[in-house]
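Each of the two complexes below includes chain A, the first together with chain B, the second together with chain C.
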Partner chain A sequence: MSGTAVASGKVEYTDSENRNALIAVKAHLIAGLSVFLLMMLGGLTMRAAQGTWIEIGVDLFYQIMTVHGVGVVGAAVIASTGVQWHFLRKYVRLSNAIFWTNFFIFLTGVVMILGSIFLGGYGGAWTFLYPLPAISMGAWSTGAAAVFQLGVLIIGVGLLILYLDFGRAILARYGSLARALGLTMLFGKEPVDPAHPKAVVASTMVLIVNFLGIAAGAVVLVMGLINLYNPEFQPDAMLMKNLIYFFGHVIINATIYASVIAVYELLPRYTGRPWKTNKVFLAAWFAIVFMVMGVYPHHLLMDFPMPAWAMIAAQVLSFGSGIPVLVVTGYGALMLVYRSGIKWSTTTKLLFLSMFGWAAGVIPAILDAMVTINRVFHNTLWVPGHFHFYLLLGLLPMIIGFTYYLAGEGDRNEQPKATDSLGFYAYLIGAFMTSMVFLASGANSIPRRWAVHMEEWVTFAQVGTIAAALVVLGTLLFTLRAIFILPGAANPR
Partner chain B sequence: MIIKIKQEWLLLTAFVVLALPPMQQFLEQSMVTHMLVQIPVLAIIGWMLGKKLPENWKSKITLWNRWGITGMVLAVIIMTYWMLPRVLDAAISEWHFELVKFVTVPIMGIALSLSWPLLNPIAQGVLKLEFWATFMRLGWLYLDLPDRLCANYLLSDQRILGQLLLLSGSAWAITWTLRIMFGIRIIKT
Partner chain C sequence: MISTVYAVTLACMAFIAAVFLFVIVNSKEVEADYPAVINKWYGVRSKWFFFLLTLGIVITFASTNPFPISDQKKEYQEDGHQLVKVGAHQWYWTMTPDTVETGKPVVFYVTGEDVNHGFGIYDENLTLVGQTQAMPGYTNKLVHTFDKPGKYKILCLEYCGLAHHAMITELTVEKADQQ
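Right after this comes the complex of A and B.
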């Protein structure tokens, strides 16, 4: 690397490094959106099967359900990492080689996971919840379950390498993660710097939680593998579940905190107003470090052996977890946009939509995190309602908005075309309907993870299928734009 | 009067002390001291010996150890080998395995000391986390397994080792967190 840091605080790279970095970010976005699209087709197939419009075998349903879950999490991670890396490298010196390394390790893991599911028949859900992978009753082999877990493990290793590079770069510039997170400013040891990069604060938070999440995953995945080949070793199922959910929940939850950097970085450009860092912002991000790690037991509220204090903490933290950053970001975005004369392009519409999706998407989760409601709702379609809302209307608009920015709207101030508007509204209506149908199904006690639905539930699934088709249409238009226009687009200045 | 003794002699003395039958039997009578005292001390002796190697030896080895990869691969292979319960058992029962242990573990230390500084910081990080995860995995495994892994040691010994591995892993995690989060160095290196 031959670039040098300049006085403005931004890192300068050579032209070839910048070109290579842009290609890498585009590769992440195209890969992420393509996987999202394929997974949505999988989702559409499952809903159509539940709605009796198509017939698929039960085995295939669970294989699709598994690939849908793991694929969406993988796509969310890889695409959000692209967003995060693009902005973080402006403030700290990141390595292009490491970024590519993670990408290719990720692809290797994806191939292993696809092989385990469609060749090996693994259908034990992406959560690989112990001891299910080992007791398939003949549906899949031990080898298939092992390859699935190894694939996840390998993806974790790739991410770990990337986060180590984030950590190295952040420590090289700020000395400690606490300083990068702004704690020295928050607690008065340094004056507040309004220009302290939000991308650095958010990335430090993501780095901390994901590093710990992956560490837990690295342990629990290997313990699962040992159990597969040595069934005599039977680890504590509750401890395994805790570690799996800590790993899984942290990883998927952190994707939105990585992607929100696009909102912090892009909205000020479109509104022409600065988004200053202040103590409230820093306090919110400091709080979320602990909250993201502490809320996962809301997946275990039905497990009676869990200690009561963990349940209470999970409920309280789940109530509060969305609030700090969400309020700071949502309120900040509203203030930034209010009477700013913003031109509504597809990028800005999507970024603004993401604020709504994020804010509204946590409400079903907060309800589900109440122990009494959880007992009734947790194994119903209410839960997919929450995470589809959160991901389709919160996370994905951030990623797609950033893609549009890179694909031309950021540079040439390009106006949305008719296909973009069609894509946006098809996606908006479809995503909202998909989530609401899931929530309504949950409220009507329709269970989740059932391949075949009772006659009374079929109408819900059919409406859900139409909604999913709209989502697929919108995402198809977005993805086509990413595939055909993104590769040739110049770096926005 | 202060007697100045060369560090190399001290290392040799430590090695000989460890190899003396009473000390050897004392450390190997428990799984805990065998795995958490004897083997790590042998590795540390190797590490320190690696630091004291003549410069021309080091430069010759470096030609074969670019970016520290060869040495780290050797160290990881030796480490993995000595994590196998059968081998640990064999070292107690058969003298030639014991001899191999007293030779290979210090070699592992030498390989580590020559290779670690050459490794890319990212690779160091990955290995550190992998070592940490190994502590936690083995600790958990030793605690939960219903059977003895080593024929020469009691189940209770295995469980104590499991607890100590988990404790060491936790202490390591806390130290690491304090260092990268707040810049606090508990151990100055």
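Right after this comes the complex of A and C.
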């Protein structure tokens, strides 16, 4: 790396480094969107099977369910990492080589996971909830379960290497994680710098929580692997559950906090208004560090031996987690767009939609995280209802909006193409319907993760199938655009 | 409870959608004095924050007093309760006894005999009335008082392998005066 930091605070790279970086980011986006599309086809298949429109074996259903879960998390991680890395490297010196290394380690993990599921028959869900991987009643082999967990472990290792590079670069530029997070400004040790990069604040938060989350994931994966080959080693099931949900909750949540950087960076450009860093923003992100890590026991509210204080803390922190988006990020985006004269393109529509999806998706999540409500909503389709709302209408619009920006949509001042509009509205209606049908199903007590639905529930699944088909159509058009236009697009100014 | 939660969710989501639509409708008109926009809406934001904070405190206090999960350390006695032992296996339930009566609290002692399962009680309308996890190495005590007699279904609510969806049994609830 031969570039130097310039006075404005932005890092300069050589032309070849920038060209290589742009290719790497595009590779992350294309890989992420392609995996998302395949996983959506899997989701469509599952809904059609539940709706009795197609027939598939229960073993295949649960294999698809497993690949759908792990694939969506993986796609979210790899695409959001692309978004985050693209912006973070402007402020701190990041290594292209390490970024690529993580990408290829990720692909290796994906191949292992796909092999374990479709060759080995592993169908123990992406949560690999101990001791299910080891006790399948003959449905899959020990080897298949081991390869699945090794695949997840390898992906985690790749990410840890990338985060080490993030940490090194942030420390080199800011001296400490606390300073990068803006704590010295928040607590009055330094004057508030309105230009302090939000990408750095968000990335520092993601770095801290994901490092710990992945470390917990590595511990539980290794313990699970030992149990597979030495069944006499039987770790405490509650401990394992805590570690798994801490890992799972943190890693999927962090993807939205990494991707929102695109909104922070791009919405000011499209509205022509500054989005300044202030103490409220810094306080919100400081709180998020603890809330993202502390809320995971809301997955364990029906595990009654959990301490009551942990359940109440999870309920309070879940409510608290909604405040930063409802009061700071979502609210800030609304102020930025209000009477701004913004030109609505596919990029801006998607970025603004992402704020709605995140803010509205908070509601069913907060309610389900209340102990008294969780008693009749836990593990019903309410749960996929709220996280599909987050992911389809919050996270993915951030990633796809960024992809459109990178494809140069805004630069050429072009009108939205008919296919883009078709893609956007098919996606919008489909994603909204998919989530709302899940929520309605949850309100009718329909359990999640059931291959075969009772007769009374079939209509919900059929409506869900139509909704999922619209999501697939929209995502297909978005992904085709990414595949055909993104590779040749220049770096946007 | 379920329908109330659903209605509150839809109402809150509709409110957020209305705010976003309001901003979209007002996005074309240009207000050049952005600091004035900020000053005006920052004032609203402070009130919004304190409203959410107050709401959170009130909801937390109201929903956790009394704590909605039964005391797990308590030894429940047969004179005031009906005790039911539940074992969750791949892929069947054992439940002793499988008949209880209305009006008297039932304490389900639930454990997982192999992997994690979820013990979900559904009424005759297939509405979930209560649940707990069934974990290996742990016994969860779920206390529930049935108001209506009938044939209740027990469904598995934690993915436990290929026949998870077929893990169904029945619990009979009889009217107290019939026994």
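The definition used in the following text is that the second predicted complex is superposed on the first by the 490 of 493 C-alpha atoms of A that agree within 3 Å, B and C clash if a C-alpha of one lies under 4 Å from a C-alpha of the other, contacts with A are read in each partner's own complex, and residues count from 1 in each chain.
The rule we apply is simple: a residue touches a chain if its C-beta (ideal position, glycine included) is under 8 Å from a C-beta of that chain, and two chains touch if they have at least 3 such contacts.
All values reported here derive from a predicted model rather than from experimental measurement.
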item	value
First, second, both or neither for A:Asp165, with chain B first and chain C second	first
First, second, both or neither for A:Val157, with chain B first and chain C second	first
More chain A residues in contact - chain B or chain C	C
First, second, both or neither for A:Lys10, with chain B first and chain C second	neither
First (chain B), second (chain C), both or neither touched by A:Phe233	first
Chain B versus chain C as contact partner of A:Arg273, first or second or both or neither	second
Touched partner set for A:Ile373, first chain B, second chain C, both or neither	second
Partner chain(s) touched by A:Arg339 [first = chain B, second = chain C, both, neither]	second
Which of chain B and chain C A:Ile312 touches, first, second, both or neither	second
Footprint overlap on chain A, where chain B in one structure and chain C in the other make contact	236
Residues of chain B that touch chain A when the two form their complex	121-122, 125-126, 129-130, 132-133, 136-137, 140-141, 144-147, 173, 180-183
Residues of chain C that touch chain A when the two form their complex	1-3, 5-6, 8-9, 12-13, 16-17, 19-20, 23-24, 26-31, 34, 37-38, 41, 45, 48-49, 52-53, 56, 59-60, 63-64, 67-70, 72, 90-91, 112, 114-116, 118, 120, 122, 126-133, 135-138, 140-142, 155-166
Residue numbers on chain A that touch chain C, as the complex places them	58-59, 62, 123-125, 127, 129, 131-132, 135-137, 139, 236-238, 241, 273-274, 302-305, 308, 311-312, 315-316, 319-320, 322-323, 326-327, 331, 334-335, 337-342, 344, 352, 355-356, 359-360, 363-364, 367, 370-373, 375-380, 439-440, 443-445, 447, 449-452, 454, 456-457
Contacting residues of chain A [partner chain B, same complex]	95, 98, 157, 160-161, 164-165, 167-168, 171, 175-179, 208, 215, 218-219, 222-223, 226, 232-236
